[in-house]
Each structure stands twice: as structure tokens, then as C-alpha cells.
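Report on the structure given below.
As written, the chain order gives the labels A, B, C and D, with residue 1 at the start of each chain.
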Amino acid sequence: MREITYSEAIREAMVEEMRQNPDVFLMGEDVGVFNGVWGVSNGMLAEFGHERIRDTAISELNIIGSGLGAALVGMRPIVEIMFGDFLMCAGDQIANQVAKARFMSGGKANVPLTIRITTGAPGSSAAQHSQSPESWFMNIPGLKIVTPASPADAKGLLKSAIRGEDPVLFFEHKMLYAVSGPVPEDKDFTVPFGQAAIVKSGKDVTLIGVGIMVQKSLLAAEKLAAVGIDAEVIDPRTLVPLDKDTLIQSVAKTGRVVISHEAHRRSGPGAEIAAVLAEEAIEYLDGPILRIGAKNVPLPYSPELENDVLPNENDIYDAARRLCGK
Amino acid sequence: MREITYSEAIREAMVEEMRQNPDVFLMGEDVGVFNGVWGVSNGMLAEFGHERIRDTAISELNIIGSGLGAALVGMRPIVEIMFGDFLMCAGDQIANQVAKARFMSGGKANVPLTIRITTGAPGSSAAQHSQSPESWFMNIPGLKIVTPASPADAKGLLKSAIRGEDPVLFFEHKMLYAVSGPVPEDKDFTVPFGQAAIVKSGKDVTLIGVGIMVQKSLLAAEKLAAVGIDAEVIDPRTLVPLDKDTLIQSVAKTGRVVISHEAHRRSGPGAEIAAVLAEEAIEYLDGPILRIGAKNVPLPYSPELENDVLPNENDIYDAARRLCGK
Amino acid sequence: MQTGPDIKEYKERYSIELLAELYRRMTLVREFELRAIEERRGGLIPGFIHSCVGQEATAVGTCLALSAEDVITSTHRGHGHLIGKGGDPKYMMAELAARSPGYCNGRGGSLHIADFTIGILGANGIVGGGIPMATGAALGFQMRKEARVAVAFFGDGASNEGSFHEAANQAGVWKLPVIFFCENNLDGEGTAIHRCTPIEDLAIRAESYGFPGVIVDGNDVLAVYEVVKTAKERALRGEGPTFIEAKTYRYRGHYEGDPQVYRTQEEIQSWKEKDPIDRFKAKLLDSGLLDDADLEELQGSVILQLDEAVSFAANADKPAVEDALVGVYADTHNGLVF
Amino acid sequence: MQTGPDIKEYKERYSIELLAELYRRMTLVREFELRAIEERRGGLIPGFIHSCVGQEATAVGTCLALSAEDVITSTHRGHGHLIGKGGDPKYMMAELAARSPGYCNGRGGSLHIADFTIGILGANGIVGGGIPMATGAALGFQMRKEARVAVAFFGDGASNEGSFHEAANQAGVWKLPVIFFCENNLDGEGTAIHRCTPIEDLAIRAESYGFPGVIVDGNDVLAVYEVVKTAKERALRGEGPTFIEAKTYRYRGHYEGDPQVYRTQEEIQSWKEKDPIDRFKAKLLDSGLLDDADLEELQGSVILQLDEAVSFAANADKPAVEDALVGVYADTHNGLVF
């Protein structure tokens, strides 16, 4: 299969959906003339024009709130938030309007709104340009939360988001944009929500990775293999809805689990995953449920400190070895 | 000891601190002339005047952002957010400014800012006036998160917040305001952060309750006693910092735990508590870690639906019985 | 301040049907509020009510200047807007009573009533929360080249929220067909406007966004009707938004039970003398186009309609508890979401 | 648009020391930026740089009109503001180099430099994020009856954020001693102002908040100095805020590496002809108060200072990794927090 980057896969999903559905459009800060700060929408203005590739004012609240309004009258907006760090500027619109519009109206509102958000630390960008907000809105019913880890999933999950009738927070990790991988060319290739992927199967320990930590879990799995530990690597792909069954089945098989994400440890996505397993899979566990995440300090500017604060494959490797007692 | 209500205890803490320190003041929507929508600041305008009891515009973002600015030049602002549901209107100021000011400045910024927030469902107030946002900012380092469950804790914890040098999210449950209890009169009575309270000791099962669920856990404990189950009830009192030791010691003793909060189950405060126990106390557990919380739907207006969605003492009772197998 | 046309012009400018409907609908709004308050006391309605008694002209004058395809976003004080836009008191009362056939199947209550089939995108519990929504709806209309406008209702207090500023700015840039309709009733909950807003006329805020701001007598239903018609025409010509500030007043507390320590009886009284319904009634009678009998008949029909609405609500089923989890998502991925 | 005084007035109105310092500090800002960019290429500086080359007059003219007790909140483009307010290039360069003796001990970098001892409440990575902070500082000054003002620096793009609106409104109500200083450099990242803002002169936004808005030639350092002095006097008289819009331009990309597809070389060139340093230099020479030798000496001292700053930064320790968790809270409750 042809290989393209995560960034190209996201653009391809947007372009294909925009070609086949005039209701789909992209709106955000510098997505047009500037080609997107991360280059994801590169060239889209040339194809679709200012009408459908809309540069907005620096007004996150209105970007998301007006995305909702457009969705309520039948459009299928894709809005981009340049850095996940800025998501809270629109916090109220996400939590109180977008998430609740359908339920509050007795299930009548359709909200086909895709909110594309960059996540993760691009390196020495300090505390306001490095955060991983995946868990910030997990407590709020009404949103779907998606964390693609590969180019194929990025394309397939984004298409499911754009074609769906519910609001989606779609988290794109900045350090994955340049990563290449095989991506189907079929225009109707989609990846359904709520289905975790078993990225590598194994029998000794389950490594659950969120977003970029899937790659790091695979690296850890390789190193673990070298010491005779056969790790299973699982990517939940969507945090809401969460495919509990696949996670539980894996843990039932391995009896050991390490959950990792780049978000801070405290109340990150791993807290919910760990709580679900502690509630529904504890009888299978031969040891503690270990969580790997950024330390609970704002992301520091210093590369040395940042490197110490962010989680990596060695943290996963060490945790897994501890669990396996070798 | 004299008994006063939770609401009076909070007012007493504010009034005493304002009397002894001119830098302390209260600012928020309708806290003055209107006496506070919940009546908590009743009479304070009469004593302190408009200078120190400030009615603001309906601008949550600026209320919290200017609270930060005032704190940075030496004031000790107490700001009130009328409903926790509105907290996200100021989400960016909380997450990116208030929480990070100290760290980003290399530890130099002092941020003695107390953010008082009402939480919980007052009954048939629907999805935008009933939420429990305690966990929304738990993933963000730099904030302290406090959930008083009794009048004495409300007073003592609020004084610790006002006297401290760090920003605090102080969650007051609307349905606790009228609850009375003994409260020390000592003007220097404070309750330190990071010390859970063992509200009732027991040996069979640990009931960890957040905020109003402490009362409900006590009610459940009474009913459990009737069927021969001796429950220990623990109130973490502060979610950040979290007193892990007390929680772990209790679980080590009972081997069983039910965590409850009014916030939605998914990624509520209980997710983090469960994850901590699954990580550090799993060897003591004789069964799953059970979480009780509001169902994962926006709070409905209908009293019947709301009653079904919100957690209560029976949910805790049933969970504990299941764990104890009787 | 824009005022309504002279009585002499009524005949050539308006159909009797329109004049009668303006009167009927204002009466319906007022009686709906009074009846809802009564039913709340009586226990039929479990939730809070923010009544718009005194503000009937802004709601009705605006909505009757719109067509069915146009949309509105409303507020916590939304009953007038909803009835104005064609909301059925039956389903509104049923919603207030938290019943299954209510507009939101009992999920939303007063603060969240919506009916997408008649252009009501929703009341709102968040001050200023619906303004970006209206702006986005207008964007949709513009992109689809539909001859429709969106009206964002909001209060004087809401004009101090960031949501208003961001939405108005973007609407100005894109010349969106949206009307920012500010009901300036001089108070925001317990805080008088002069205590939280440094200007008296909010309409001047429009200048910050490059579109016109007009001040209208919000207690003159035809004055409101005319400024909204003008704003809609402007929007449909592609010239962009209009900010309308309507000076009005709410007679009752912010919500039922509000002790109203923040304002004087004199102020309330002075506004009652400018009552929008009384004033319009007097003009209609002077104009000779409608007589007492006509107006009493309309009044009677309204009372009848509300009796029916109340008994419909009272006899309607409550939502089934088994359905508590329904309606959060379009699909629940085989229940995975919960 | 306000411009600076005539050269003839220089002598009676300004001390030579002030004129020299304005020139020296603008030069220091410019040279600091160019040097930082160079050191970033050279690898000493790991993070992004948003340079203010071309905007030296707004930063220096404003800050020299303030006293040490006054405070500022800055932006992502803050190096000029910080140097203007007395920030030491040594500790700034060390911070950019992520070293331990940097202003933030290497934790903050360019976007977060703060020094509370000289009234720098902080640069900011969030557009518009610092505006409420300045408003709150001004509230503190007013409550303590201190004769101090707060200046919120922000850009044209930031004026479209809700934070500006909410802060300006409250500042207007309370007549706070705050100055809203908008550096209108015609672009917000890759979007020209006319594409995201429906008005040309942002100063008119002040009318929405009941205080004056003035437009000043942002490339004329004495013009900036004068309007800020006037605004500060007004604030200290208790008359409240002033909105100042300074028309200026940044010569370089939004950040280093920006291809600048969104603007033309002609536009850039036309502004370089209005260079704030060149213009002031010419005037100083015309005035006869300073001669070439004086200015070259100042220039030389600046280069020397920056050489020292760079070597200080290059030789400074990096933060100790063991201290990675330090500085999140004032106390960590016996480590409980982590």
C-alpha cells in the first residue's frame, strides 16, 4: 500500500470529504493563506477558495461556537484549534453548548462538528504550547474524543468524525505529522469509533498507549522482547467511546498492564482507563496497574527539564519489567 | 461546640480573614447588593463596603484573570463563580495563566488567589446549572482543588486557601449550604490541605466520598451496619494535593473500596483516586474498585430523570454489599 | 431612539391581520408567563422561571418581522422569543412541566427549549452563550446562499461577555446575515447596568465591529418590528449585521422569588406606565382598525389556548426513567459510550 | 494620529539623558533581537523567537514614560517591552538559552519572561491572555491607593479576543489605572488585519468602554512617550483607562522561519522607510543635542552589553534535572502534590 504522512492523511481525509460534500468546510486561525501553522491544510485554499477554507480572527470561542451554529443549520464544519493549549479559550462553548446541544433539545439537535486540535510537546515550547488536553473534556458527556496514532487511523477516524452526527474532539499529535505509514486509497475507508486496535499481540504484558505513546509502546515492546517479555500493544484510538472489551480481554490474557500517555499523569486519560480496569478486570491482574505520563508540572522550556518531565519508551519498558519481575 | 451552617462557616472564614487582612477582598457576580445568589456573602457589603465586596460585570474570564493580576501585586482576592457550570468561561485564565504563573516565572510569582465555585445539582436546574466540575482542572498542575463536605472543613479549608500562596479551586456544594455542624470559633482554626479525614472508622469496606457524597457515604454506612457490614468513611477533603497514604492505609485494612462523587463517572475525581489505588494498593484489594457517580449524560431537567442520573446512598450501599458478598 | 410609525400610517402600512397578531402574540406571551408562574407555585413546574413580563414587544416585534426560515438563538429569559417565533404554548408548558411531549422531552426545561423545525436554535442557560451560535447559523446561510437571517437575542449584561465581542467581530468581517438584538432591561440579575457597564447606550458597541447600531423603544412593538425588518433587508442585501439595542424593562424579579433589593418600586412603576401591551392597545383603538370587542376576543382566545396548554401538560406522561441515557449521541456505538 | 513634538521643542522639553536613553534602549532592543536570532541559529537558543524588529519605539516610548513601580503585561512578542521596562539582557539571554540564572530559571523561555521586582508581570504565550492580569494589577493599585499604573501590551489580533473586551469593560466601570496599549502592526500571525477585523482604527473600540482611544504614530518614539505620559496622568487622576493604538510594523516574520506569504515585499519596504530608530536618530542629530560620536558611543555600549549577555548565557549552568519538579507550588505539603 502507498505510504503517506500523518499530516497528508489528515489533509486527504478533509479534501476527499470536501470534494464529495459541499457542506463540509474548514475554519480556523491561519488555515488558509498561511497554509496552517502546521501545514496540514497546505494547498487547500488553492483548491477550495476562501469560501470553504476560512481564516478566522483570533477568537477560539467564536470559532467553535459558530462551528456549532453552522452545524445546527446543516453544515458539517471542521474547525481547527492551532494548539490544544488554546482549547480552554473556548471551554464554555465546548462544555456547555457543543457537548449538550443534542441532549438538552431532547435528542433533536444534530451536531456534525469536527474540532481538530493539535496536541503534545513540539520541544522547548514551554507551558502554554506543549499540553496534551485529551482528558480535559472526558468528564463531559456529549463529546467524542479521538486520538489517532497512525496515518491510516488519522484518515479513517477523521472521516468517521466528519461523516458522523456528533461533535468530535480530534487530537493530532504534532510530533506525528511527519510520520509515514500505509494508508488505504479507498475514498470510503473509515475507522469506526469505539474499536481499539491490537497493534502488536503478546501474552506477558499489555501496553496501552494513547496517541504518540502507541509508537513508544511499540519501541518498548521491542526492547522487552530482547529480555524475553512478550508485550501486547493496544491503541484505544477513541477515548470516548472507549472499547473496554478489547482492553479487558487483553488484560485477561496477560494479567499485567502499563498505560501511557503524554498528558500529565494526574487525571490524564490513563486515570479513566485504569479505573475501568480496576473495576472490571481486577480479577485478572497479577500486579498493579501502572500509569506513565508527563510529570505533574507545567511543561518546562529547558530541553533537559522537558526531557525529564515527558514520558518515553524507557519509562514503559522499566514499568513492564517491574511488573514481569524480570 | 456552637453549630453553624456550611454557608455561615464560609462567610465567617471570609469575614474573619477580611477583618484581619486588608489585602483580602471578595469579587464576583452579584456578591454585593444581591448578597450573593446563594446568600453566602449576605451582609458582607454592609460591613466592608463596595470597595472590598465588588459586584462585577458578567465576565467570568476577567473575574478570574483580574483576580490573578491583583494577586500578583500583593492582594489576596477571593473570587466567586456563581455556578461551577460557568467555570469554563474562564477556562483559559485558570489553565494557562493562574495555574502556571508561578512555575513559568521560575517559581517567583506568588498567586494567593482563592476561587470559590458552587458545585452540584440544586434540583431540576438542567444541564448548564447542575454540574460538578471538580475534576475538570485536575490534570493541570499548579492548582489546588478543595472539596469541603462539612461546615468545619468549609471554614478551615477556606482559611488555608486564603492564607496560602497558591491558587485554589474551592468547591462549595449547593445542597450543603444549609447543613449545620460544629465549627470552632478560634480565628486561627485552619484545616491543612492534603490531609484526608476518617469520618467514620470501620474494618469491612472503605467508602471514599467527595464533597456531598461524604454525607451519603455515612448514610450508606448506617444501612450497612444494619446488615453487619462495618464501613469506614473517608473524605479526601482536597483532591489536589491528595492524601494517598490515608486512603491506602484504609484499603489495606478493609480490602474493599467504593469511591463516590456527584460528578459524572467518566473521568471524575474517582478516576484518579481509583487509579492511584490500583497502582499503589492493589495487593490489599479483595475485589474491584467500585466507582459511583452521576451517569454519563448531561443533567436532565426532569426530576425523575435527574434522580435516576444522580448517585445516592443506595448506590453506595448496594456496591458495598456486592463487594462484601452479603 | 427609533419609535413606531404614527397611527395615521397604520392603515396603509400594515394589514389588520398583522396588527391583530402582534397584539395577540404579546398577550399570549404575557399570559403564558403569568400562567407558568402560577403553575410553578401550584407544583406543576419543578424548575426556575425567568419571566419576560414587560418585554413582550421586543420578542414579538422581532420575531414577526422574521420569516419561518429565519432562526433565533434565545436566552434564559426566552419564553417570549419562543412564542414570538411560533413556539406552541402546549409543548412549552409541557416542557416546563418536565413532560415527555415537551419540546425537549423533559430534558431541557425553560432554559433549553429548542425547535429546529421553526428556527428556534435554543434558549440558553449561559449568558451570551448563544451569540456565536447565531453567528455560525448565519455563516451557514451565507455559504449556502440562502435568503435567511439569524437573530441573536441577548441582554445588556450579556454584552459584557467575551462571546459577544468575538462573534460580533467575526460577523462584521464576513458581513454575515445576523442581527445582534440586545434587550437592554437595565439590570443583569441583581446588578444595574450602570454598575457593570461604563456606557449608557450599548448600540455604540456596533462601531467596534464596522456595522450600524440602532437604539429602539423596546416597548413599542411596531418600532421594534420596523428596525428588525430594516436590519433583515440589509442582511439579505449582503451588507452584514446590525446591532439593535431595545430599551425595555422586566417587571418581575430576575427569577421568581427574587427580592429585588437592587431596584426601586418607583423605577418599576415608571416603566409600567410605558407598558408595551397597553400602549399598543390604545393605539389600535385610536386607529379604529380594531375595537374593544376584537381585542377582547383575542384575549379570550389566548386564555383558552393556555388553559388547553396547561391541561395538556398536566395530563402528559413523564419521561420514562428507562430512557434516562437516551439522546446524548446520535449513535451510541452499541452502547459503548456509556 | 498623534505625532511627536517638533525638534525645536526638544531642548526645553526633554533632558539629554532621556533622549539618549530612548535612543540607546531602542538600539538595545533591535540589537538584542538580531543577536538572539543569530544565537538561535547558532544553537544557543532552543525555542522559538517572535522578534519585534521595527516596533522598538512602541516598547521603549511606553516604558520610559512609566516609573519603576508601574507594571506591564507583555505578549509573545515581548523582548522590547521587557528591555524597555528595565529587563537585563543578561538574564533575558540566559532565559532564552534555557539556563539556570535566566529570569525564569530556564522554565519559561521567551514567552514567559517575568521579573516582579521591576514590574514585568510576564510575557505571555496566550494571545490576549495578559490583559485581564494588567486590569487586576490596576485594581490592586486602586484599592491600595498607590500611585501606580498597569500597562497591558497586546496586538491588533489580540483585540479580537474576548479577554480584551471583558477586561476593558470592567476597567471602564471601575476607572482603573490601566492603559490598554495596542501595537497594531497590521498582521496577526499570517492574517492581515483587514481580513480578520472589520475596522481600520482599533482605537474606536475604546468608546465601547467609556474611555478615550488615541491613535499614535508607533514609529515615533517621542509621540508614544507623550501619549503614554498623558494616559498615565489621567489614570493617576482617577479618571480611568486609556486605549492607545500605535500604528507600527514588524519587519521580520511572525516567528523566525515564517515564509511570509501573507504580505508583500513592497509593504515591508515602505515601513522600513519609516524606521523608528533611523527617524529618531535623524531628529536627534538635527536637534544638535547629540552628535554622531555620541550615538556611535551608545551603539558601541549596546553591542558590548550584548556580547557580555551572550557569553554570560553561554557559560551559565543549565537547570539541574533533579529540580524538575520545583516551583509548581509555594509549598508542596511534604511532596503530597506530586
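Throughout what follows, contacts are C-beta pairs under 8 Å (C-beta built on N, C-alpha and C of every residue); 3 or more make two chains touch, one makes a residue touch a chain.
These numbers come from a predicted model, not from an experiment.
**Student:** Could you work out which chain's C-alpha centre is the most distant one from the centre of chain C?
**Tutor:** Relative to chain C, the chain whose C-alpha centre sits farthest away is D.
**Student:** For the interfaces A-C and A-D, which has the higher count of C-beta pairs in contact?
**Tutor:** A-C
**Student:** Quick check: how many Å separate the C-alpha centres of chain A and chain C?
**Tutor:** So the centre of chain A lies 40 Å away from the centre of chain C.
**Student:** Just the number, please: Cα centre separation of chain B and chain C in whole Å.
**Tutor:** Comparing mean C-alpha positions, chain C is 37 Å from chain B.
**Student:** What whole-number Å value describes the gap between the mean CA coordinates of chain A and chain B?
**Tutor:** It comes to 30 Å between the two C-alpha centres.
**Student:** Which chain B residues sit where two or more other chains touch them?
**Tutor:** In chain B, 56-57, 59, 61, 85-86, 89, 92, 96, 103-104, 126-128, 141-142, 240, 296-298, 300 touch at least two other chains.
**Student:** Would you pick out the residues of chain D that each touch at least 2 other chains?
**Tutor:** 104, 106-108, 112, 124-126, 129, 160-163, 166, 169-170, 173, 195-197, 327-328, 337
**Student:** Report the residues of chain A in contact with chain B in the complex, numbered from low to high.
**Tutor:** Per the touch definition, chain A meets chain B at residues 85-89, 91-92, 94-96, 99-100, 103-104, 126-128, 133, 135-136, 138-142, 240, 263-264, 266-272, 274-275, 277-280, 282-283, 285, 287-291, 296-298, 300.
**Student:** So in the complex, which bits of chain B are touching chain C?
**Tutor:** 29-30, 33-35, 37, 55-59, 61, 85-86, 89, 123-129, 295-298, 300-305, 308-309
**Student:** Write out the stretch or stretches of chain D touching chain C in their complex.
**Tutor:** Residues of chain D touching chain C: 160-166, 169-170, 172-173, 195-199, 204-205, 207-211.
**Student:** Flag every residue of chain D that touches chain A in the complex, lowest number first.
**Tutor:** 46-48, 95, 98, 104, 106-109, 111-112, 124-129, 157-158, 160-162, 188-191, 195-197, 261-262, 318-319, 321, 323-325, 327-328, 337-338
**Student:** Which bits of chain D are touching chain B when the two form their complex?
**Tutor:** Residues in contact with chain B: 71, 73, 102-108, 112, 114-116, 121-122, 124-126, 129-141, 143-144, 150, 162-163, 166-167, 169-170, 173, 326-334, 336-337.
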